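Listed after this line are the structures, all set down as structure tokens.
You will see chain A twice below: alongside chain B first, and alongside chain C after that.
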Partner chain A sequence: MNLSIILAIAFGGALLTYFSGKISKKARDVLAVLISLVIAVILAFFYNTSSREIFYTGFLDFPLILRIDTFSWFFAFTIAVIGSFSIIFSLSYIRKKGNTDYYYTMMLLVIASMIGIILSGDLVSFYIFWEIMSWSTFLLISYNRGPAIAAGIKYIIMSVTGSVAMLVGIISLYSHYGTVIYTELSGLLYNASSGYTIFIFVLFFIALGIKNAIWPLHVWLPPAHSEAPSPFSAVLSGTLIKIGTYGIILLIYVIVKINVFLNLGEGIVSARYIIAVTGAITILIPTFIALLQDDAKRLLAWSTIAQAGYIILGIAYGTSESVASGMFHFFNHAIFKALLFMVVGAVEYRTNGVRDLNSLGGLIKKMPVTFVGGLIGICGLIGVPLTNGFVSKWLIYKTLIINNSPFLAFAALLGTWGTILYSYKLLHNMFLGQLPEKYEKLERAPFSMQLPIVILSLAIILFGILPGLPLKVINSIESGFGLEPLTINIWGITSDTGTINMLNLFVAVFLIGIMIWLIFKGSKKSAGIGQYDNYAAGTTVPKNKYHYSVDFYGPLHRMISPYLRDFIDDFYMSLARSIKNLGNGIRRIYTGDVGYYAIYIMLFLALLIFIQIKWKLW
Partner chain B sequence: MVMTTILEIIFIILLAGIIGLFFLGLSRKIMARIHWRYGPPITQPLIDIIKLFNQTSMSHGFLFNFGIIFSLAGSVVVLLFLPFGRICPLSDSGGLLVILYLMLIAPLGLALSGGEAANPYTSIGISRKLLLAFGYELPLLLILLTVMTHYNTISIVEIVNKQFQAGWSFQHLSLLLPGIAYILILPAILGFRPFELIQAPQEISSGPMAEYSGKFLALTTIQHAFNIFISISLFTNLFLGGAANPGYFFLKILAVFVIFLFANAVFPRFRIEQAIKYLWRWPSILAFAGLIIVLITGKNF
Partner chain C sequence: MVNPILLIVIPLGLAFVVPLFRFISKKIEKFIPFFALLANLIISLTLFPHVLEKPIHVSIGGFLPPLGINLVAGPLGILFAMLIALVGFLVSIYAFAYIKEKDQEKYHILYLLLLTGATGVVLTGDIFNLFVFFEILCISSYSLVAYFGDKPGIESAVKYLIQGAVGSSLVLIGIGLLYGQFGTLNMADIASNIHSVHSISVFIPLVLLITGFGVEAAIFPLNAWLPDAHSSAPSSISAILSGIAIEVGLYAIVRVVFTLFGASSILTFLLFLGVITLLIGELCAFNQENIKRMLAYSSIGQIGLIVFALSIGSLSGINGGLFQLVSHTLSKALLFLAAGYMIFRSGSMNISSFEGMGKKMPYTSFAFTIGAFSIVGLPPFIGFPGKFMILKAALFEQDILFTILVFLILLATIIEGAYFFRVVQTIYFKGEKSTPGQEREIAPLSVLIPVFIFVGLIVVIGIYPKLITEILESSASELLNRADYIKNILP
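This part shows the complex of A and B:
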């Protein structure tokens, strides 16, 4: 099977979907789902293979190369799977809205270009697919119109800035070494001066960091994630920003190589520490900001930035455990964040677009499956033991503590405790508490929404109890990078400095849970009562008002909100304003009126004549 | 091998439950004496639990039941990771980091259960609980990181063993400041005054407990008993050198408990923002200084 066939199916399928939508809506839906599933299935067959092919040579004489190895397989497969779930979720979500052909086409195009980026074997094809991805993403973010257009413009401006920086980097690499192919570039920077390596690093990091939303390049993400259609938010947050992660791993471990990277700078001013500290800041600040959000999707968007911080911290720290944790957390985050966006999307769909955390409540009675998905999703996000997030976070804490970086470990741990607060708020304000009367007739989420939610929830538990499955793949990626692989078994990780065994934990929790359940069942049966039979200090329970959700963390909010304005965003906005003012100033001169230009020419000639008469310069 | 582990597990769970309930009874007695009252008998919590199991209870639905079971299971599982004397059935399954994470199941379970009760008093209590936990976790994490960095391990059993060789953590000069910080935040972890703002009966009708009745109250009481045992055991293991046998360990945690009970008896109550400000100021500064000292003096093991 050829790699170019996958891309042909992906890109061709995207176009085909558009035209089939003109003939029949049903055929288009089936086609879109089919294409995304076919890509995932084909990719699954590439497991543990490696191949490489030149798919086009006509572009400026660059041989455009596709390649697959365990590293790109891991990312491509995750992206394809999350992508197809999100298209299944879209089926009912998008039906009520207009422009559905356009939506599916763009969605498939984004997935196709992401897979293109991952499978690229040289920087030029990487860049081409990168641009396709940026533009198709822009079109999808702005799909809802209104505030979504502003969010999309913010995204595309930052994205283009990044692309230009990366292009400069690629050109520079080409003019230095005469090649842009990964395998030929790899290790060449070993002989370069550290100044040049840092130059390349900075250029690439602007592009990759913007896509990965690393603080202080994160400002596009909160509006974009909250304004995009929910299934696309799942793709955005679960996989698209991880393209930045992929690029960073590619840069550090494939192109620059680990030994050069670790020797770049000394002690605290080394590249390794600077990026790791940036990752730690990316965990802390967005976590605190997420606590203050009242919009469900905005809260998740800030949480995405924070979780991306863990991934960057792990990847940049450079021990084999930390890199494993970074990649494992990428995988886990793709699952649980996609799930959480789908949960919020399902609620948004049933309540006709409500995502304000202050006006929902009690939906557990109406949408139980969605609630369970949300519960498992936040457990994974927090990293409750027996969910997948636990193992990846445990790995990063452990390696940071053992290698004597307690402050980085502190940032990571404190970020987790903040996560508990905001994720409980998300769940509580939507699903728990009193059900408002207007939602009493609410139906369950449709099957096409419940299916991906259920499957992703099961995946979270599965990889929580059997972390060895993904860690096995990650291990073989690590040996490719020249890192020492971890000692793993299917239940956990063994090492001299700390062992983890999920089987013991699972059996213990399961048996003890069963025991307590038996005691609970065996004792006197309890009578079920409704939400209006509550304790209300002697009065009757007021309808629609008996819910504590507004200002859920009020005291903390009042304490920290003065310190947590998004200064970075303010800075960019003032930069944008001053550029606009500059443009306005220039427009006063360039009025577009020929008369003015004639006067300018006259004045300029007069000036020249004056200079000539006065000083006789020429 | 497996048999002894199972016996150890049963032994620890039973003993922790008995000690926790004894502590609850003792606390009512000592508090009463300090307040110049006679107080109920020490067995009163046990009598209450038996009585509550026989009473009718009200349930608000599936999550209301599940949360309580989840929470209690979380507490019991933590017991298996904490060295009790020298007994620690699951010592090789993840160490202190796992304990830290497992300790969060109990409040999360109660929060989920209370959330479905659809009562604002419950929600306010939960919100306060989570905020207070966020308040004390900041210094607590610093303290635990200091200890783990100092002993260069993440295994609590190893930390206890190293204290057998080199004396209690309090005797190590570089761990003195974190130890003091731990003492300052322990009342908040235990929910004792001046941090008794989660239940606050006079103010928010017992907060998370507002909707519980019958067996639910009984289970939360048991959970509370376990919780007291766990919080004090963790402190004792990390800073007071653990113990070579369960009897000695019991004496140590009893001494710690009674000292904090005295503080509980005489203090009024903080408001939640005062509590957070306090926790983020002195204990955090001390813990932070401790971590820097440990980093400067280097690893000692």
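This part shows the complex of A and C:
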């Protein structure tokens, strides 16, 4: 099986989907799901293989190369699976919205280009797929109109800014070393001056950091993730920003190599610490900003930035536990964030677009499956034991503490504390509490939404109890990077500094659960009381007058919000405004009076002659 | 082998017989440019393989150079002739449905003359002959800008005329000075003797020619005519002005600098001039509400980028510059044609009037989007290899100056992206969501066919740039090897 076939299916399928939509809507839906599943299935067969092929020689003098190894397989497979779940979820979500052909085509195009990026074996094809991804994402973010337009333009401008910086980096590497192929570049920077290495690092980090939404390059993410159609938000949050993560790992561990990276600078001013600290800041600030959000999707968007901070922290910290935790957290986050966006999407779908956490509530009775999905999703996000998030966070805490980085560890722990608060707010304000009267007749989410929600929820539990499955893959990636692999078994990790065994935990939790259940079963049942059967000051509370979820965490909100204005965003906006003003100012050169124009011509001529007479340059 | 002189004779001859065809049928006249340029396209394509082997040169009237006028069809000339014929041909199809008002006969005559002038400039080997063709090009474009006869059209045509006239006079003075010194007008002859005289007496004609041609090539600060002229001309003419006329101006400068004077020392100056032109063009376009003015300013920016690339002066730099030139010609012509028809339908040049066009005119909107993405330099469209080659050439100099200039260029790219993406969003995502019953107003075939041929070329060359890199490489080496050029003509 050829790698180029995967890309042919992915890109060809995207186009085919568009035209099939013109013939039959059913066929298009089936085709879209089928293509995304086929890609995932084919990729599954590439497990534990490695191959490399030149797939195109027509682009200037650069043979474009595809390659697969465990590292790229891990990312590509995750992306393909999350992508196909999102497409299944879209089936009913997008039906009401119109422009469906366009939607599916763009969705498949985004997935195809992401897989293209991951499978690329040289920086030029990486860049080409990267740009295709950027513009197709832009077209899909803007899909919802209204506020989505501003979100889209913010995204694409930042994205283009990043990618031009990266292009300079790529071409600069080419001009120095005469190659853009990973395997040939690998380790060549060992002999480069550290100034040059830092130059390359900065250029790539602008692009990768913007995509990965590292603070202070994160400003595109909250509006883009919240305004995009929900299944696409799942793709954005779950996989698209992880392309940035992939790029960072690629840069540090494949191109620059770990030994050069760890020796870049000393102590606090080393690349390793600067990136790790940036990761820690990316955890802290966005976590607390997430706490202030009242829009469910915006809350999740900020949470995504914060979780990406954990990943960056893990990857940049450079120990084998931390890198494993970074990659494992990437995998986990892809699952639970996609799940949470789907949960919010299902609620949004049934309530006709309501995502305001102040006006929802009590939906547990109406949408029980969605609720359970949301519950498991936030458990994973927080890192509750027996969910996958626990293992990755355990690894990062452990390695930070053992390697004497108390401040970074504190940031990670504080981030989790904030995560608990905002995740609970999300779940509570949507599903618990009182049910507004207008939602009395709400139906369950349709099957095509419940299916991905259930599967992803099960995956969270599965990889929480059996963390060895992904860790085995991660281990073989790590040995490829020259890091020492962890000692693992299917249930957990054993090492001299700390051991976790999810089997023991599972048994313990299971037994405690049974005990609690038995106690409750044996004790007297509490009486059930209707939602409106309550009294205040001796009189009944009028229906729908009060909504208890409003102003959730009010005091905390008032306490922290003055410190958490997104001043970075303000800065970028003022930058944009000043460019606009500069443009308007410069336009005044063209006065409209042709007399001036003739003078310009003569002045130009005079200037040229003057320069020559004065300095004899030519 | 066909004689390259036909490339000039056919459109020139047919231009003058347009009024005669009127006696047969009034419907015929609009097909004349179509056939003339089709013939030109075919001729230049058949000449193309011969030219790659050895440049063809034709002496008119049997006088061998340096006496008499001669035509030189080298790779660069044929590259330009091909582009001119291609764009001219496609735009003439577009004009079938687009040019309906006023006196069509005049439009077609002037259109053919404009393209004759352009082809003449790129094929001639005689500096004065170049000036003559250049004037044909300029004068017919002045009149075509005013074709609609409305106030803004006439006003900007007059402004264009005044600035163009200043430029032309400078060119004429420059040529006069050269003739006075060398006693010949043959470019190869002048080129072979250029280093035999004192540098200042060569320098004055050089700057006169650069300034004079620079007006047409829209280099800052000589480009003030462009936003007015491009926006008030008929869209088909805007496409030609942006896609052909300013490129021909640029050709003249390049020919003068590289071949005639071999003045590589002025390149550093042009390098900065290119970047300034680029930045100013993009900044002016950034907040522009009028779509055609926006495209016009964007052309200024693109020209700046091309000037920058050509002034790097290395083979790969010139190569990249020429690629970007081809890319700009195709993309900008496409954008003007697509936008032109949307303006025709919506009746307004305001960007906000494009709201909902994505539903109303899906094909035209799609084509516009491709053009916009290509101009910004996104893969897999033709703009990307161009930008890539330019950056590669600049960074291969391994010079801190070039690195800084590259960052300025990329800043301009970001600004350019911002305003183009804004228009794309306006077309597809702004305005009321359309109801399913809304009527589509699909553009006529004579608009869609040329537009989609441009789209096809943009995508195909974008994916397979090797299609044109061969001719670009030999054109670039023609520019760099002046000795070969001279030897070819004066054995």
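FYI, the second predicted complex is superposed on the first by the 576 of 618 C-alpha atoms of A that agree within 3 Å, B and C clash if a C-alpha of one lies under 4 Å from a C-alpha of the other, contacts with A are read in each partner's own complex, and residues count from 1 in each chain.
As a convention for this text, a residue touches a chain if its C-beta (ideal position, glycine included) is under 8 Å from a C-beta of that chain, and two chains touch if they have at least 3 such contacts.
Values in this document were obtained by computation on a predicted structure and should not be read as measured data.
Trainee: Considering only the touch criterion stated at the top, classify A:Y590 as touching first (chain B), second (chain C), both, or neither.
Mentor: Second partner only, chain C.
Trainee: Mind working out whether A:L575 is in touch with chain B, chain C, both or neither, as first, second, both or neither?
Mentor: neither
Trainee: Is A:L603 contacted by the first partner chain B, the second partner chain C, both or neither?
Mentor: Once the two structures are laid over each other on A, A:L603 reaches chain C alone.
Trainee: Mind working out whether A:M559 is in touch with chain B, chain C, both or neither, as first, second, both or neither?
Mentor: The first partner, chain B, only.
Trainee: Which partner does A:W394 contact after superposing on A: first (chain B), second (chain C), both, neither?
Mentor: A:W394: touches chain B, not chain C.
Trainee: Which partner, chain B or chain C, touches the larger number of chain A residues?
Mentor: Looking at chain A, the partner in contact with more of its residues is B.
Trainee: Check whether A:V550 is in contact with chain B, with chain C, with both or with neither, and answer first, second, both or neither.
Mentor: Once the two structures are laid over each other on A, A:V550 reaches no partner at all.
Trainee: Would you sort A:A27 into first (chain B), second (chain C), both or neither based on which partner it touches?
Mentor: Neither partner.
Trainee: By the touch definition above, which chain A residues appear in both interfaces, chain B in one complex and chain C in the other?
Mentor: Touching chain B in the first complex and chain C in the second, no residue of chain A appears in both lists.
Trainee: What part of chain B is in contact with chain A in the complex they form?
Mentor: 53-63, 65, 68-70, 72-74, 76-77, 80, 90, 92-95, 97-98, 100-102, 104-105, 108, 111-112, 115-121, 123-124, 126-127, 130-131, 133-134, 137-138, 141-142, 145-146, 148-149, 152-155, 205, 210-211, 213-216, 218-219, 271-273, 276-277, 291, 295, 299
Trainee: What part of chain A is in contact with chain C in the complex they form?
Mentor: Interface residues on the chain A side: 58-60, 98, 127-128, 131-132, 134-135, 138-139, 142-143, 145, 148-149, 152-153, 156-157, 160-161, 164-165, 167-168, 171-172, 174-175, 576, 579-580, 582-584, 586-587, 589-590, 592, 594, 596-598, 600-605, 608-609, 611-612, 617-618.
Trainee: In their shared complex, at which residues does chain C touch chain A?
Mentor: Touching chain A: residues 158-159, 162-163, 166-167, 170, 199-200, 203-204, 206-208, 210-211, 214-215, 221-222, 224-225, 227-228, 263, 265-266, 269, 280, 283-287, 373, 376, 378-380, 384-385, 387-389, 391-392, 395-396, 398, 403, 406-407, 410, 413-415, 417-418, 421-422, 424-425, 428-430, 433, 436, 463-466, 469 of chain C.
Trainee: For chain A, which residues are in contact with chain B within the complex?
Mentor: Where chain A meets chain B, its residues are 362, 364-365, 368, 371, 375, 382-385, 390, 394, 397-398, 401-402, 404, 406-407, 409-410, 413-414, 417-418, 420-421, 424, 427-428, 431-435, 492, 497-501, 504-505, 508-509, 512-513, 516-517, 520, 523-524, 526-529, 531, 533-537, 546-549, 552-556, 558-559.
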